[in-house]
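Below: one structure in structure tokens.
Labels run A, B and C following the written order; every chain starts at residue 1.
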Amino acid sequence: MSEFALQLLLTFDATLRLAAPLILCAMAGIFSERSGVIDISLEGKMLSAAFTAAAVAHLSGSPWLGVMAAVTVSMALGIVHGFACITHRGNQVVSGLAINILASGLTVTIGIALFRQGGQTPPLTSGERFGPITWWFVEGLNTIPLIGTIYRELISGHNVLVYLALAAVPLSAWLLYKTRFGLRLRAVGEVPEAVDSAGVSVVWLRYRAVIIAGLLCGIAGAYLSTGQGAGFVREMSAGKGYIALAAVIFGKWRPAQALGACLMFGFLEAGAARLQGVELPLIGEAPVQLMLALPYIMTVLLLAGFIGRAHPPAAIGEPYVK
Amino acid sequence: MSATPPLPRWADLFLLPALNLLAAFFVCGLIVLAIGENPITALGVMIKGAFVYPGSLGYTLYYTTNFIFTGLAVAVAFHAMMFNIGGEGQAYVGGLGAGLVSLSLAGVMPSLIVLPLAVLGAALFGAAWGIVPGYLQAKRGSHIVITTIMFNFIAASLMVWLLAGPLIEPGQMSPQTPKFEPAGQLPSLQAILGALGISIANSPLNLSFLIALAALFGFWVLIWRTRLGYEIRTVGQNPEAARYAGINVPRVVIITLAISGALAGLMATNEILGVQHRVVLNFTAGYGFTGIAVALMGRNHPIGIFLASLLFGALYQGGAELDFEFQSITREMVLLIQGMIILFSGALAYMFNPPVARFLARYAAKREAAHV
Amino acid sequence: MAGAAEPLGGASKPPPAIELRAVSKSFGLVQANKNIDLVVQPGTIHGIIGENGAGKSTLMNILYGLHQADSGEMIINGAPVQIHSSADAIACGIGMVHQHFMLVPNFTVLENVMLGSEGGMLLAEGREETRATLQKLAEEYGMTVDADALAGDLPVGLQQRVEIIKALKGGAKILILDEPTGVLTPQEAVSLFKILETLKQDGVTILLITHKLEEIMAATDTVSIMRQGEMVGHRATAETNPEELAELMVGRKVLLRVDKGTSQPSDVKLSTSGLSCTSPEGVQFIRDVSFEVRAGEILGVAGIAGNGQSELLEALAGMRPPTTGTIEILGQTITADGQSDPQIMRRVGLAHIPEDRHKFGLVLGFEARENAILGYHYAKQTGDGRLIESKAVTAHCQALMSAHDVRPDNPYLTAKNFSGGNQQKLVIAREMHAAPGVLIVGQPTRGVDIGAIEFIHKELIALRDAGAAILLVSVELEEVLGLADRIMVMNNGEQVGIIDRSEANEQTLGLMMAGIAPEKAA
């Protein structure tokens, strides 16, 4: 196999690793926003979850307990968001921002109090984090050119949370489009009055949406510190929650399209990492910063209608008043 | 839906914000307690650190300067009911404007020419970074919140590229520009007052504090005394009525965002022209986001914004003191307090409204009954 | 099973379908419903009539669980019930068709109908069942509608049909319709009443909320009249007449005729020729409208709401640029390619009292004095300097308030704290102060109490007699007939015709509103 093809394959592999938290957060964003609640707190929920997962995994020795704790904390933050925006009809952007800033402060403050390591958790041992899962027949298929390599590098060898992230997409789509809950959720983000007058509680529907968002962000956060990384470092979400938000918009609030956006954004990041300092023919030094900024630039262009049109749910951002 | 009696004006203006602030501090106190420290002691350390130690007031006011600018930036947009969450990026790019002027002119011209131009550069670059989201909102219907968030990240990428590339100090590794010549540096207040024979402790407080005070007054005139301010408020409160009145709504939105961006950009006069004397990476340090808390707490009024800025200035300066005095609480505590303040004064601003209103109504009724 | 289909020889008369006892509800300081009693027999069409703001909608929202009553009892089919949500109401067999439709525009009709009663966790389970229900209702009541069309793409009449289907799908035996004909053409209204009649034959009890007397007379068996939050009378429709109902609605003999002298029209001050307006999406709001209004006369514009009157006002006011055609105001011509801007129109000499004072005419969060310069913030009212002079603004507002009887006369009071009538008087004061050569007025007395209505009508007549050209848009026929000297009728964005007041009566105008030109009608 040529060197280029292998490089490309490895980039795809990295894409998947980088996209996994984006995918989970994007699905979270879709649930929340489809119900009419803006969620810029994907970032903060993910960061809190990353810390919780690493801390609990370290203290208990079990990454699974870590995930469960992370999900609990993230859902609790979702409920705080709901309490502010659904129950008290507060500004959804302000509430999300508060959660993001709270998460920045809380993770470091509690981290220092618990571990005295400048806000980090101690590095996790392999038993405390999610290791790669080697699929069946990797050895057997290895002899087949191309397919064997693809199977080994791209499909096999990720940790369980990556597969969970990929599974979250069809699951979200099924929930949104094939179930009673999904029909009501989509309706409440468009015309909440219709849902209310049909005898369904707007408040409870939206709470369920922000709680599901919390659940998914929780897994995403756990992935950062106990799957992709080996321990928590401060600000480790590094804006991924906002990229996921961009992916939600870029995917026009639909799971499959959002998956595409996440993979594209992940690929840009993986490519940027690989091309750091590399001289490209014709272009010169690879424009790494431009590649990293592309998700944001493309989202701006899409929102402005220069490349297609994205229609947000009609009732988004508006508290429901009878 | 229970009926809530209307709240008296004084309660709405003072009692409710005070209660929200108290609630925020109370929850933070609980967290400090949970960590195993004494919140009262921590508060004492912060107050001492912010006001009592020599030079501490200067530091507090230096932070206050940043928050006045970013707070006003958010507030002017709020008056047009626009949520400019992009103060961070606008300030960052504003720093570029100030830096470019100082870098190119400070060696060849006197400070009396360079500094006003540098201040103008900060405002113009900030305005430019605000105008684009404003234009996209007004003419293309993009959601201003999302666009300004995206512009924060785009600004960060742009600045990394510039500071690590074209603008980097030759022969150095760290991503920052060369130091400005003295003509491109805003004088510190210590130097100014020293020249007048008044001696104060050393601190980063500089001339930009006075610019901030002027901006507060200018803001009041703009919003409540100019026709543009009237148009901004009309667009914010009722865009349809604005259209009826013949106000060009898209134009006002764009101008408002330009003013907002310019105010955010002016923050760079403090950090870049006044303190760092060069453009450095991430000098905005979240001050743009703090501006949102400042505007929310200050109710978009200059006096409120000044007081809120002072509070946050004291928190930042006092918070730094926590690092020295405690093992387990650090300046990140300030982020926590800030988050709580945004939550309680912003998102939950009216949580206490119904109970307070009911209490006051009952109290008033009782007093009336007693008088009869 | 219930109601009219009940065998007459039964043991006892069936209990009333709906019985309300002493229901009260207030919002803040406003008491929307005071001690309301209501009895509706099963299998009848019962009308509830009252002016805008009389509390009809509030009462129905209480019955449907969207609001909770502060006190009082509700008894449905003889059993006392507590209705805390629309789910409770639906469980009691109550369905409601709201004034503003509750459809999700990007859902299909089927999905809209399923919403809330999907028939299981998965949509697949209930979909065919709902489709069958749709089919059945279509056959029984002639309510055919394409199940797979997007609700947002349907015309208004069909959207309303979907709403009725939604209300009936679960077997509701009580159907509430809130102002159902406000958005319908006369033909659509006729077919609606046909459907209601069929439903009644089937034993459904219908509550019809309206402020239109003719609908009550034509469609109901019994009627209750509401005024200012109170129930002021119950009648059998056959034993009452429009005059009595009108009197009960407003509380005293109504003077439908406004005292005014004959008009003395002189020069043309406002005219349009071939005026058309199209939205950016290509919807044509007004088509080829040409008319002229002379100094000293009032041209009334009649029509069912939503037939282009609002857009005509906006075009004349400069808020909506014309696509083709011209507008001429006091000798100044505004063409499609020219500048159209409310500021320019005001400078030329046109004042505009908008249809909806809350949407356009006032900034409710502003003080009265700030509202008093809305649209005139570049004029001399705000002082001569570069800045707005606070004192001048306050003095201006004070003068307007005393000249036009705005109460309370406090310029610092926030606009939302004035009553509807005083808000409207403030708007009228502001616009009349400009001493306009041309005044365009939309719905001048909507949601305004009786006293203020008379005052406002007198002010309009006085302005006419002072030599202004006035264009009056109103959906209240009585108002147009009372004030106008000539009447233009609009239908579907077009002018059906212009006739003299002396040739106009409710019948001729009614036909014209349905789109039948006067020569054909005659």
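Here is the rule we go by: contacts are C-beta pairs under 8 Å (C-beta built on N, C-alpha and C of every residue); 3 or more make two chains touch, one makes a residue touch a chain.
Here the structure is a predicted model, which means the values were calculated and not measured.
Asks: Which chain is most remote from chain B in terms of Cα centres?
Replies: For chain B, the chain whose C-alpha mean is farthest off is C.
Asks: Counting contact pairs per chain pair, which pair wins?
Replies: Looking at every pair of chains, the most contacts join A-B.
Asks: In whole angstrom, how far does the Cα centroid of chain A sit from the Cα centroid of chain C?
Replies: Using C-alpha averages as centres, the distance is 47 Å.
Asks: Using mean CA coordinates as chain centres, what's the chain B-chain C distance in Å?
Replies: So the centroids are 46 Å from each other.
Asks: Can you compute the centre-to-centre distance for chain A and chain B, using the mean CA position of each chain? Integer Å is fine.
Replies: Computed from C-alpha means, the inter-chain centre distance equals 30 Å.
Asks: Considering chain A alone, which of its residues make contact with at least two other chains?
Replies: Each of 322 in chain A touches at least two other chains.
Asks: Where in chain C do residues touch two or more other chains at once?
Replies: 67 - these are the residues of chain C that touch more than one other chain.
Asks: Chain B: which residues touch two or more other chains?
Replies: 1
Asks: Mind listing the chain A positions that touch chain B in their complex?
Replies: So the residues of chain A in touch with chain B come to 38, 40, 80, 83-85, 88-95, 97-106, 108-110, 112-113, 116, 119, 239, 242, 245-246, 249, 287, 289-290, 292-293, 296-297, 299-300, 303-306, 312, 322.
Asks: With touch defined as at the start, can you tell me which chain C residues reach chain A in the complex?
Replies: Touch list, chain C to chain A: 64, 66-67, 85-91, 96, 98, 100, 102-107, 111-112, 114-118, 120-124, 126, 166.
Asks: For chain B, which residues count as touching chain C in their complex?
Replies: It comes out as residues 1, 3-6, 221, 225-227, 229-231, 233-234, 237-238, 240-241, 243-246.
Asks: With touch defined as at the start, can you tell me which chain C residues reach chain B in the complex?
Replies: On the chain C side, the touching residues are 26-29, 67-68, 317-319, 341-346, 352, 354, 359-366, 370, 373-375, 377-378, 382, 386-388, 390.
Asks: Chain C touches which residues of chain A in the complex?
Replies: Checking each residue of chain A against chain C gives 178-184, 186-187, 190-191, 193-201, 314, 322.
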